[in-house]
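To keep things simple, chains are lettered A, B and C as they appear, and every chain counts its residues starting from 1.
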Amino acid sequence: MLLELTNVEVVYSDVILVLKGVNLSVAEGHIVALLGANGAGKTTTLKAISGLLRSEDGEVTSGSIQFQGVPIHTEEPQNLVRRGLVQVVEGRRILPHMTVEQNLLVGSKVLKDRAERRQVLDKVYGYFPKLVNLRARVSGYLSGGEQQMLVIGRALMARPRLILLDEPSLGLAPMIVTEIFELVESLRRQEGIAFLVVEQNANVALAVADHGYVMENGRIVLYGTGPELRENEDIKEFYLGMSISGHGKSFKDVKHYKRRKRWLG
Amino acid sequence: MTLPGGVHAETYAQDRALIRTPWQWLWFAAFVAVLLLLPFLRPGGAVGIATVIGITLIAVLGLQLTSGCAGQINMGQSAFMGVGAYAAGALAVHLHWSFLMTIPIGGISAAVFGAVFGLAALRIKGFYLALTTIAAQYIFTFAMLKLPKEWFGQSEGLRMDPAVLGSFAFDTDNRIYYLVLAFAALMTYGAWGLMRSRTGRAFIAVRDNDNAAEVIGINVFYYKTLAFFIGAFYAGVAGALWAYYVRYVQADQFTLWLSVWYVGMLIVGGMGSILGAIVGTVVIRLLQELITVVGPQITDLLPTLGGQFVFAAMNMLLGGLIIVFVIFEPRGLVHRWNIVKESYRIWPFPH
Amino acid sequence: MTSLLSQVANGALTGLLYALVAMSFVIIYRSARVFNFAQGEIVVVGAFLVWTLMSAFDLPVWAAVPLALLASVLLGVLIERVILRSLVGEELFAFVMVTIGLLIFIRGVVLVAWGPEVRFFPAVLPMAAVKVGALVFDRAMVIGGALTLVVAAAMSWFFNRTQLGLEMTAVAEDHQTALSLGIPVTRSIAVAWGISGLLSTVAAIIFLNGKGMTFLASDIGFAALPVALLAGLESIGGVVLGGLIVGIALGLASYFLDPIFNGGVAAVFPFVIMVIVLLIRPTGLFGWKTIERI
């Protein structure tokens, strides 16, 4: 396994228990979707893996996280990036006053020299041809879709083996979301990069995912292959249902509520 | 807030009361008695020190309102104090007004000067604001030294007669002490009331998040200006009292360095509470006094250190103290004391 | 006429010196988002280091200056490691407070170590005046002005073109994002403090060359403050322009206003310009505006 989490518990500020024993794994070159309601602990899971948790006063208190067979839960983010594990954080965090190319270059911290940087940069521009014309633009003024491309491109600059992608579809038009997931798929196919994708838009995510996990309240409550999850009644109602019908289902539906309870228990 | 065991508020008034138990009443009464009797208990030096502490306390209370409660960093408190001193001084010297008039007017003059920076706070935020208030210092010094000599005496400053009430002159250390004590008590009570009022709560909302405050309908512009206005008013009153105490006003008495110290007192005492302002002022002023007393003795023992050693040591000690406090106890001495008290109260069963 | 020109030209040189000190603020602010109130004191420490090595230890210039520069880099890094490091993630207020504490503390250390006496700062740079036509300049200031321009160009290049510099700019933008990209944030900040310490000592040498000095030379820290703010706390190039603007305005103000006020305008005028500029542009002329779309 490329990445393996066993019984991971995370506590914020020494008291707030957010992850209550998460088990999850990502195989080399796979795309894995992590679904779940708001506040379920998806972002926390990603941060626990990438080591960003500590800068927010969070801590992995038990369980183990292994990347390429090595425990990493005490590792600094910079060493993880060097080993090929990069997180693309939630909310398209471009560096707004820097140009597009500067943004990309910042991501290439782990590369050896200028020549290597050039080479990887060209490759990234190959995947995101739109960015070529924007390279000298101040990135704060890019459109949301362009910014999302930029942050993914920036993560690629570190030549990762695994990218943790947090809600890439947030606030983007369906067309762009499809485009982004197609890109994810082709990066996996051509570069062999594995992805762990957190996504609210389950439909799009499961279309490309090999496996998926559903999280509730800091626990994994459902696991399956992409197609299995797409056929699952619960998923249909809670996630796909919402995104298809366009407005959320009411909790008055008792059956619905019971099924939800079953998950939680 | 933590309550002493067995004390329960049965009415809203009780819940808001400052003093809750008979013991607290006793301590409070003893404290007041000591303050009132101080000139008889410890005549001489102690009275002078207490007077300076009282004046400083008023300025620091003002800073507590502006910075601690409303969250607007202010490095111009000493300049605001200077404005109050000069305003009161000029009115007393040229127009022979009573101190009952000049002290409030000194306060208001400073408040108006301070409010200008409150207006700036609407646009300027964070570090930029803190640094803008430093401009107050430079503008104040320049103005006082350059305005016509007939007004503020330029570099010669203003020499003042003692404050008089009828035929009673506040011309001895003891008399001026009582005057300062009265003002300090009044201003402390005022600050206490203010913090518990609507205004106080609005200040805290503005401090915690001015965007959110705006959304829930708090007029951020008004409250930021008001925070500077009130804080500077306190400084102005303190300055005016200072003028009557030393009976001499000169721009060099009100330095940026002094403002820095006021901020330091807040940090050590604790931001955001009246008690924090009091504790910080008293502790740091007493430490300063202690060092001026002990310093010369050390210098006598080790003459190589030189006379300036005292001043230097004081800076090192207090600068170090501030750093340590920010790092280890950002909420100040009062907070630490509460923790100690709490663990004592529930000892030996901490859980 | 010559006297007006001379006032303006010398004002511009003073402005450039302020810009150099301001740069030492800006470099820290850019990476750590901390405004270091103690910067003036660090300038003084640098000055005393040079003085000690040259006057007390009798080292030659070529040994003393590099040693002092090295020591000031270490001082910057030390401050970051010991004090600022433990405050990562704290609120703005904590940083204001801690650098104020540092200001008081360092002044104490300076007084304990070197005392309040007036010392004669060695002439590291040549003293002979520079004459251009009828204008007369202090040679150290001319060299300093040129040096400021060179340093600013070098810093601009560093922060925009080199990998380390880009990483430091990224840290300035957003600590969390920088961290997620594998950039060691605390190390970047330590580097910034080091560079800033170095610039402070350079500024001290130019400012005090061949003059008498006391611990009060730290006032230059506050004098340079309007330049940093007027320019905006993120822009290196902007600081140079800000320095020139303030300097030239200062020259003009001294020429026209000093006769009216009997001197002393130079001390207050930069602050007045600063307040006016900030009221119009709250993040300075060239500072980073918050980009609203996100």
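Throughout what follows, contacts are C-beta pairs under 8 Å (C-beta built on N, C-alpha and C of every residue); 3 or more make two chains touch, one makes a residue touch a chain.
Every value quoted in this text rests on a predicted model; they were computed, and no experiment measured them.
J.: So which chain ends up in the middle if you average the CA atoms?
T.: So the chain nearest the centre of the shown protein is C.
J.: As a test of whether you follow the contact definition, which chain pair has the most C-beta contact pairs?
T.: Answer by contact count: the chains B-C.
J.: Would you kindly tell me how far, in whole Å, the mean C-alpha position of chain C lies from that of chain B?
T.: Chain centres of chain B and chain C, defined by C-alpha means, are spaced 32 Å apart.
J.: For chain A versus chain B, what separation do you get between their C-alpha means, in angstrom?
T.: Chain centroid spacing, chain A to chain B, equals 52 Å.
J.: What is the distance in Å between the mean C-alpha positions of chain A and chain C?
T.: 43
J.: Can you list the residues on chain C that touch chain B in the complex?
T.: The contact residues of chain C facing chain B are 29, 35, 83, 86-87, 90, 92-94, 96-98, 100-112, 115-116, 222, 225-226, 229, 233, 261-262, 264-265, 267-268, 271-272, 274-275, 278-279, 282-284.
J.: Considering only the defined contacts, which chain C positions touch chain A in the complex?
T.: Contacts found on chain C: 88-89, 160, 163, 166-167, 169-170, 173-184, 234, 288, 291, 293-294.
J.: Applying the document's contact rule, which stretches of chain B touch chain C when the two form their complex?
T.: 71, 73, 120, 123-128, 130-132, 134-135, 138-139, 141-142, 145-146, 256, 260-261, 263-264, 267, 271, 306, 308-309, 311-323, 325-327, 330
J.: What part of chain A is in contact with chain C in the complex they form?
T.: Touch list, chain A to chain C: 50, 52, 55, 57, 76-78, 80-82, 86-89, 91-93, 95-98, 102, 105-110, 117, 138, 140-141, 154-155, 158.
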